[in-house]
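The structures come next, written out as structure tokens.
Look for chain A in each of the two complexes below; its partner is chain B in the first and chain C in the second.
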Partner chain A sequence: MKNIKFLFALWKANLQAALEFRAAFLTQIIFMMINNGAYFMFWFLYFDKFKNVRGWTLQDMMLLYGIAATAWGLAAYFFGHFTTLGEVIANGRLDYYLSLPKPVLLHVLASKSLGSGMGDVIYGIGSFILSGYLSWDGFLRYVLGVLAGVCIFISFLTIIQSLSFWLGNTVALSQIALSALLTFSLYPSALFNSATKFVLLTIIPAALVGTVPAEFVRSFTWSSLLQMSAGALIFLVLAVSMFRSGLRRYESGSAIQVEV
Partner chain B sequence: MTAIEVNQLTRAFQSKRKAAGLAASARALFQPEYNTVEAVRGISFRMEAGELLGFIGPNGAGKSTTIKMLTGILHPSSGGARVLGFTPWKEREKLAFQIGTVFGQRPQLWYHLPAIDTFLLFGKIYELDDRETQKRIDLLAEAFEIRDLLETPVRKLSLGQRMRCEVAASLLHRPKLILLDEPSIGLDVVAKQHIRDAIRRMNQEEGVGVLLTSHDAGDLEALCKRVIIVNHGQIVYEDKVSNLKRKHLTTKLVEVRYAEEVPANFRLDGVEILKVGRYGVKLRFDTDQTAVDSVLAHLSGVGELVDITISDPPLEEVIAKIYREAAPASS
Partner chain C sequence: MKKYLAILKMQVINNLAYPGDFLGRSVSIAVFLFIFAGLWQTTYIIAGTASINGLTFANMMWYLMMAETIELGRPRTNRIISEQVKNGEVAYILSKPYNFVLYHFSFGLGDGLMRIVINILVGILVTWLLAGPPPSLLGWGMALITMVGAWILHFCMMALIGLAAFVVEETNSFELIYQKFVFVLGGMMLPLDLFPQWLQEIVRVLPFPYMMYAPARLFVKPEFDLFLQMLAGQWFWVGVLVVLLALAYRGSEKVLTVNGG
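Then we have the complex of A and B:
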């Protein structure tokens, strides 16, 4: 409970810091929504020519984008350091978090907020509503799918970037991993063969933030629910364990830094 | 009661070694070579509760690494330490509730927000209730004279103003001990004085212990009762500041001005003449080798004295001498 209060206080401070530069904050949100819309134009053009792609219709793609965008947006807005954790570790900037009495990983991740994430969230919710799957139970499944997605996005990138404790700089590696995760999450797994599907459920868990939650919203199955929740839990446990074990090797640094 | 107990604490880092040039870079890709550098080499010391202890040394001496181990930021390579009864790297969160830290080069105040917002956030981090947080902010605002600064975004504060807010923030949760790593770095004389006064006051009023690392001998003189000097990762000197002065400040600097001209061949046995002017002389002597009264008697015999100043050399010189003396043995 105390950590929840602490998280709300951090998020409040992040919002206050963002509102110091209101115009930049609002611009990021608006442009991210436009960016996502422009990206989705491809599917409008595609489904204008074809009725479906291996059983997936335009509505299903809107649902897939809605879930992935909302999950990514929530992760970016509330746990914004999940894309830059490797730099924080490599540059010795964990000192600040280690000197305060809170769980380090949670504290680092939630200490940064990417304003553009709110644009993704708004776009994602809009895309879900327009997909036609909005109902009481559909909404509940959407929320569960999004939460699993948030967990997978953050955990996967935490695992990759925790390698910084051993390898030093992992900026390029995490960018490749991030790009692979995002790209594959926006395509239905039905397009791929079984080996690729297996990779997308394990090594690059893109299916767990895209296809699996979307299928779960389309129709409830225990198998989808199990895949989502087990995947989220396993990746979360791996991320926390890897970060903790890396922390023992943390070497700090003497670079000058500021907390923004 | 013991606040800090350190026993044979050691921390080694591995650093990559590579010769200059592209060929060496390519070689290092397949056959990397590493050096092991011992930043802290088996240091042991104790600090009592409420004590003001100076921990000084030149760059790279191991001061910050030691502080980071004592706060649980770094794990040691070997050795042990107890801080307020906790092993820092094993009980970091529990310890953090009891101590405050300030890293001069690592601000903890949120840069774009007014300091008051970070204070309120720290209230939540340290699990204080809102009324207690407000009471502490009022007290610290008065002690550090920062009331007028609290609502200004931190990015718009001067370095001195910001450091006062930083130190105040570290005391918000009423810690039993604060560890200050170079709190006066880059500050002007007035700003340093402000911070020293406030720290001394919090030590006297709340009994908070202070472990202070600094390059600045002024911090040591103004604040600390005891000093530990480290160099090359080892303790090279440990004593009361008053003893440091008594044992090492044996050299006196004397400046004399006369009513009439000083003879050009002015000489004095056992005294180093630094400068002979037309109406004055500047000299230095060691009180262990030359008696003060004999020097003064001789000086007054030369002519009618108009003015005389006797001073100790700066403490910085004494400390630099201790570094130099320790260097050959420990290098």
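Then we have the complex of A and C:
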């Protein structure tokens, strides 16, 4: 309970900071929505010509984008350091967080907010509504899928970037991991062979933030629910364990760091 | 001229210092090609044909390889100008005895050359494995010639966006939207041949196809008439954008405010 209150206090502070530069914040949101919409034009053109690819239609792609964009946006807006955790570790900037009586990982992740994430969230919700899958049970399944997606996005990148405790700078590695996860998550797994599908459910869990939740919203199956929730839980446990284990090896120089 | 060549050379050497980092970054072209191989293989199977609008699966993959190489090798001039405006370094560069725009042209070219070479090597390897041998030498020739114009067009657009930093400081959002327009209207993700006719007609009067579609299409289907047509269109747009860039630079200089340094 104390941690939840702490999280809300951080989010409130982040929002207040963003609203100090209101115009920039709104611009980021609007531009991200335009950016996503422009990217999606590809699928309009593709389905204008081909109508259906292995059971996936334009509506299904809207649903897939809706889930992935909302999950990514929530992670970026509320836990903005999840893409830069490796730099924080490698540059010795964890000192600040370690000196406070708060959960270190949670504090680092939530101490930054990416305004553009809100643009992704709004776009994602809009895309879900337009996909035609909006119903009471569809909405609940969408929320579950998005929550699993948020958990997997953050956990996967935390695992990769926690390697900084052992390897030092992992910026290039995390960029590759991020790019692979994001890119694969925006395409249906039906396009790939079994071996690739297996990789997308395990080593690069892109299917767990895109295809599986989208299939779960299209029609409820226990197997999709199990894959999503087990995947989210396993990646979360792995991320926390890896970060904690790395934290025991953490050392920094005497550089003066300022966290704003 | 000598000083700009020195800037270009310096940037190439800078990049050579981190070959591992460069190779790592080229993973994204492999991911892109792998995903699109899945998409187009499935599409050709479902369509039940070996050729869609004159393009075979192999044509499509080599087209995408060339288009993605151009995308990954395009200059990131706007980001550099934006950073220089934010940290005040722009005052240092503006006071040097070289033209600000030409400095960025040489800097961007030095940076882009390395990225193009590495991505093309990785791209050839992956595409060959996924779709068979590359197109003919004529295709390579036409693609390389039109890549010059395409790169200059990209530079002009990125520099125009970058000059906006003199007024708004942060230009990433503009770049993202520009990039998406090139992805779709430039034909990076889908060749123009597959667009509906009405959209093809609109897109052909815009500069985007000359930045991406021209070299990639000529690479897989080297046709002399198309080559001349694309070359003419490309250099027309280069002329227009160079004039715009010169005017924008003059205007931007007057409104620049340097905060630090």
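Basically, the second predicted complex is superposed on the first by the 258 of 260 C-alpha atoms of A that agree within 3 Å, B and C clash if a C-alpha of one lies under 4 Å from a C-alpha of the other, contacts with A are read in each partner's own complex, and residues count from 1 in each chain.
Here is the rule we use: contacts are C-beta pairs under 8 Å (C-beta built on N, C-alpha and C of every residue); 3 or more make two chains touch, one makes a residue touch a chain.
Values in this document were obtained by computation on a predicted structure and should not be read as measured data.
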item: Simultaneous placement of chain C and chain B on chain A, clash or fit; value: fit
item: Partner chain(s) touched by A:16 [first = chain B, second = chain C, both, neither]; value: first
item: First (chain B), second (chain C), both or neither touched by A:237; value: neither
item: First (chain B), second (chain C), both or neither touched by A:226; value: neither
item: Contacts of A:45 with chain B and chain C, given as first, second, both or neither; value: second
item: Where the C-alpha centre of chain A sits as vertex, the angle toward chain B and chain C in the overlay (nearest 10 degrees); value: 100
item: Partner chain(s) touched by A:53 [first = chain B, second = chain C, both, neither]; value: second
item: Touching partner for A:167 - first (chain B), second (chain C), both, neither; value: neither
item: Partner chain in contact with A:140 - chain B first, chain C second, else both or neither; value: neither
item: Chain B versus chain C as contact partner of A:98, first or second or both or neither; value: first
item: Lowest inter-chain C-alpha distance for chain C and chain B in the superposed arrangement, angstrom; value: 8
item: Overlapping contact positions on chain A, where the chain C interface meets the chain B interface; value: none
item: Complex contact set, residues of chain A against chain C; value: 24, 27-28, 31-32, 34-35, 38-39, 41-42, 45-46, 48-50, 52-54, 116, 172-173, 175-176, 179-180, 183-184, 187, 190-192, 196
item: Residues on chain C engaged by chain A in the complex (per definition of touch); value: 20-21, 24-25, 27-28, 31-32, 34-35, 38-39, 41-43, 46-47, 170, 173-174, 176-177, 180-181, 183-184, 189-190, 194-196, 199
item: Sites on chain B touched by chain A in the complex; value: 13, 64-65, 68, 71-75, 92-97, 101, 103, 105-113, 117-118, 120-121, 124-127, 153
item: Chain B partner contacts - residues on chain A that touch it in the complex; value: 2, 5-6, 9-10, 12-13, 16-17, 20-21, 94-96, 98-103, 248, 250-252, 254, 256-260
